[in-house]
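Presented below are the structures under discussion, each in the form of structure tokens.
Heads up, the next two complexes both have chain A, just with different partners, chain B and then chain C.
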Partner chain A sequence: MTSLARSDYRLRSAAKAPAYGWLVVAVQELRDIWLSWRGPIIVFAFSLLLSLLTYLAATNKELNIIDQRDTVNMVVQITLGIGVAVSLLFGADTVSGERERETLESLLLTPVPRRQIGLGKLLAAVSVWPVLMLVAVPYVWTLKAGPGLFANAVVAGFVVGSLLTAAFASLGVIVSILSNSNRLSLAASFFVFVVLLAPTRIPLTGWFGDHIARINPVTAGSRFVDRVIVTNHSLGQEWTLLIAPVVAAVIALAVAFVVADRLRLQGGIDR
Partner chain B sequence: MRPTRLGPAAIAAALFMVLLVAMVSSGAPAFDQENAAASDLRVSVSKSEVSALTGDTFTFTSEISNNGSEVTPPLIANLDFVALDQSTYIDPEDWSPQRTLVVDPIAAGSSATQSWTVKPVLNGDVAAYVVVLPSSPTLATAGPLVSSPAIYLHVEEHRALNPGGVLPVVLAVPGVLALAFAGLRVAGKRR
Partner chain C sequence: MLAFYADSGKMEVNPGGDQTDTAAAVRSAKAEAVLRVDHVTKSFGPLEAVRDLSFEARPGEIIGLLGPNGAGKTTAIRVLSTILSPTRGRFTLGGIPHTKPGAIRQQIGVLPESAGYPLHQTGAEFLRYHARLFGHPARSAREIAASLLVEVGLAERGSSSIATYSRGMRQRLGVARALVNTPSVIFLDEPTLGLDPAGQRQMLALIRDVAGQRGATVILSTHFLDEVEEVCSRVIILNRGEAIAEGSVADIKRRAAPRTVRVHVPPEMHDEALSALTQAQGVARVDSIDKERGWLTATFDSAWLDEHGGVPINSAIRALIDVDVLILSFELEGGRLSDAFLSLTEEGRR
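Right, the complex of A and B next:
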């Protein structure tokens, strides 16, 4: 099978393109995620994980081994990591998954501009993040040391998570559009995520380490959350650490929209 | 009359006596003074034995008495823990939030009292004691330290079902989610 010629597609789009095609695609994708087993199972498993960690952390906190701020930080960081990873994997499945399931052709034949298809799929991919953050809120509340810590932890986690989710879900969509194989798309996206996540587990010290931590959006975001929750800095005090996540989100979204406009039935892009 | 001549042994004895008198009459050197000051200090604790569960908190006091005739220099009192069963790993910071106190100079015949809070975090047999030393680096290293008798802690494990009151959240969130998603799925199938 071949994709529509780009000029044909443009003519069709111009003639019949609905204004809210992205919304139709997003609703359909959201149904696929939330009315099937995928979304609910992930959120339920996430809540079980947080329950286990919270119970263990509370036991240790009661014994004074782990500081209360550290336990809240741990819950927010885990929520960030899982939220970003799941959004990335959902993004990486959007187009290459449809290719493998042989449902992309019918989608491309609809009179929805391809950029709007990409937008709808991206919105569905990031939908898991606010749900996971919402699930984490009761755990943060029950572990918090005071109302100030709770508010700061939730706001810092939501801001950083939203930026990173936008960046990584877009990355997933980009790789998915370019990839013929869903396996390749998922593996490549996850590899990039792990490479960027790994430095958060390494103590980055000295000027070089500090630069790496600030350039890497994952380490910068993680450090921002850490400073706000553990070190008790105000949100505005550490705003420079948000530069990398903001830049990553803007670039990834822009590239995703450019690449989505050149979406074809096979992997790769129209030139 | 022939003058009396002193033999070499007598000269040596005389020199030894002169040196001895000089040492005693010039006053004891600083090292001896500090030793004397340290030996004049006594540290006692308000408890000798405590049985507790992990997570419990108890307090005790220590009293530093200056039995000498001179005021002490500024002192540092430090609370330490030692595992008696040699199988309990002790990180002292976990056991007490404030383990070091600065004690102002104590006048002769007076005493100073310190309050300590202990929160055993692991089960086992542990000794807790307070050690006192001068805060000046030179004085601190000059003489022996003064320590209190040890408090014997017998700690047993406390198993809490609802640590920190988190159990309702830990159970309710997955339960509510399971119900919500089941309802969503049923509603989706009916449509």
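Right, the complex of A and C next:
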């Protein structure tokens, strides 16, 4: 073993809290996601699924019984669902996963403020969404029924997806900060997602059903996309359906902002 | 080799030391305390994991934090490294109060007891990342990582993934990580746990270098008393969250100092030795061991020991020399750090 060199002492003594600690954390987390198998394999599986759907919709006349607008809607809705779910799970793994792998303590021992650590991890967790949306764009282009539909479908999908991804990735991060077990964090986050997703598969009619659909950010977002693509409404016509996703995103981000400041080695708020 | 212990003002035998250590100890004694811990308590509900802990540490000191399992060593380190906040009390590190944890973190390096590593990263990537987290620009972070890998003996494995590292290599990488910010205080929690003897020696040499060459204060938590005797200038013994003893290794040994000495003399001098020891100052009782001629034990009076600094060795040896008894061996029963440790903690009574 060589002895410690004094020559580098001055070089290292510049240690201070980094101005953009969140960026350093985010870049490392992005590397972990996209330079490992996790990100690429999700994108590959997703593009495989869309390829299959598009191929069937475009070529198989017997199976192609649904309207082209419905097919575009289906592609966007699938992209939304997978994008939100993956971001949620990545968010839910951020802190509790590090706790289980015993790498969190080293991170907490750095001068990077807790909120910046949380922000960096959140940004990495949502990174999968724009990538999936980008992958979906050529498929929407292939399936489009008219010139206006492509732009509306992409914009509606991107807006709703961004809001829901921000909300659910934040939820995942919050649960992850509070949970000691990664399994619990993933299960709890996914359970909330499924509970909110379930009404999209149920016909919500009448005054009560309509209000539930508007309050639930997932159903409201899904309805917005559906009406823009299938019913051919303009984006502005259905803006009220974006209220729930916006509120959900704002609340989840605000709570994540508060909870991240109380990020501790053990789960829970403060000890 | 002799070393000067500032707190006792005495020169003591320091088998693991050298002149550099002596000079460092003298420098350290003159320096201001870099870490001041003042009545720190950490509670988890009704349980006080650390109770009323107070001590000071100076630059270049290596302080051993000893204690049985559950004594509060790891909690104490986590409090002092700002991972946990103290329930009561306060501490300052480099003059920075504990209420500014972010500023303290810039001044410390920590090797946690259960340090995990991102196994898919290479050692160099890991160090670069942590250097960036401490505010170094990318280029500087690269240079720091390369330099630290050399210093901890991992230069040739820097581009290998951590998954391929042995336990010893990971521990050395952890020490390197703790050094990326040139800390003034380094906390090492069980750094040699699970290492083979060669790995332990490498780690101890590294710890000595960190304190000696960088002038950093090292707080070393360990179960291995040999390590403490070898590298530590001072020792704090924790038991059930409380510091039950503090001082130099020699002080601690003396504090639990034996009341009994074991003497071996030629069999034909047995009776003379028995008589001389019986009349020696402070001796309360002299016994022959197993009725074997030549082997004796002398037990000293506790009150006399307290009055005379608890060192019975001189009185007994002088008594034997005065009557020209040849001393074949002379041993303090319980004069090792492990004996002191066991007698000071409850393990000794189990």
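Methods note: the second predicted complex is superposed on the first by the 248 of 271 C-alpha atoms of A that agree within 3 Å, B and C clash if a C-alpha of one lies under 4 Å from a C-alpha of the other, contacts with A are read in each partner's own complex, and residues count from 1 in each chain.
The rule is short, and it goes like this: a contact is a pair of C-beta atoms (placed from the backbone, for glycine too) under 8 Å apart; a residue touches a chain by one contact, two chains touch by 3 or more.
Everything quoted here is computed from the prediction, not taken from an experiment.
Visitor: First (chain B), second (chain C), both or neither: which does A:T142 touch?
Guide: In the superposed model, A:T142 contacts chain B only, not chain C.
Visitor: Using the touch definition from the top, say if A:L265 reaches chain B (first), chain C (second), both or neither.
Guide: After superposition on chain A, A:L265 lies in contact with chain C alone.
Visitor: Which partner does A:D32 reach: the first (chain B), the second (chain C), both, or neither?
Guide: After superposition on chain A, A:D32 lies in contact with chain C alone.
Visitor: For A:R101, decide between first (touching chain B), second (touching chain C), both and neither.
Guide: After superposing on A, A:R101 lies in contact with chain C but is clear of chain B.
Visitor: If we overlay the two complexes on their shared chain A, which of chain B and chain C does A:L109 touch? Say first, second, both or neither.
Guide: A:L109 contacts chain C only, not chain B.
Visitor: According to the stated criteria, A:G21 is in contact with first (chain B), second (chain C), both, or neither; which is it?
Guide: second
Visitor: In the overlay, answer first, second, both or neither for which of chain B and chain C A:L50 touches.
Guide: Only chain B is touched by A:L50; chain C is not.
Visitor: What part of chain C is in contact with chain A in the complex they form?
Guide: It is residues 44, 78, 81-84, 102-103, 105-106, 108, 110, 112, 114-118, 120, 129-130, 132-136, 140, 143-144, 147, 150-153, 177, 179-183, 202, 205-206, 209-210, 213-214 of chain C that touch chain A.
Visitor: Write out the stretch or stretches of chain A touching chain C in their complex.
Guide: 1-6, 8-9, 11-19, 21, 24-25, 28, 32, 36, 101-103, 105-113, 265, 271
Visitor: Would you pull the chain A residues touching chain B in the complex into a rising list?
Guide: 31, 34-35, 40, 43-44, 47-48, 50-51, 54-55, 58-59, 61-65, 135, 138-139, 141-143
Visitor: Considering only the defined contacts, which chain B positions touch chain A in the complex?
Guide: Residues 54-55, 94, 97, 119, 121, 160, 163-167, 169-174, 177-178, 181, 184-185, 188.
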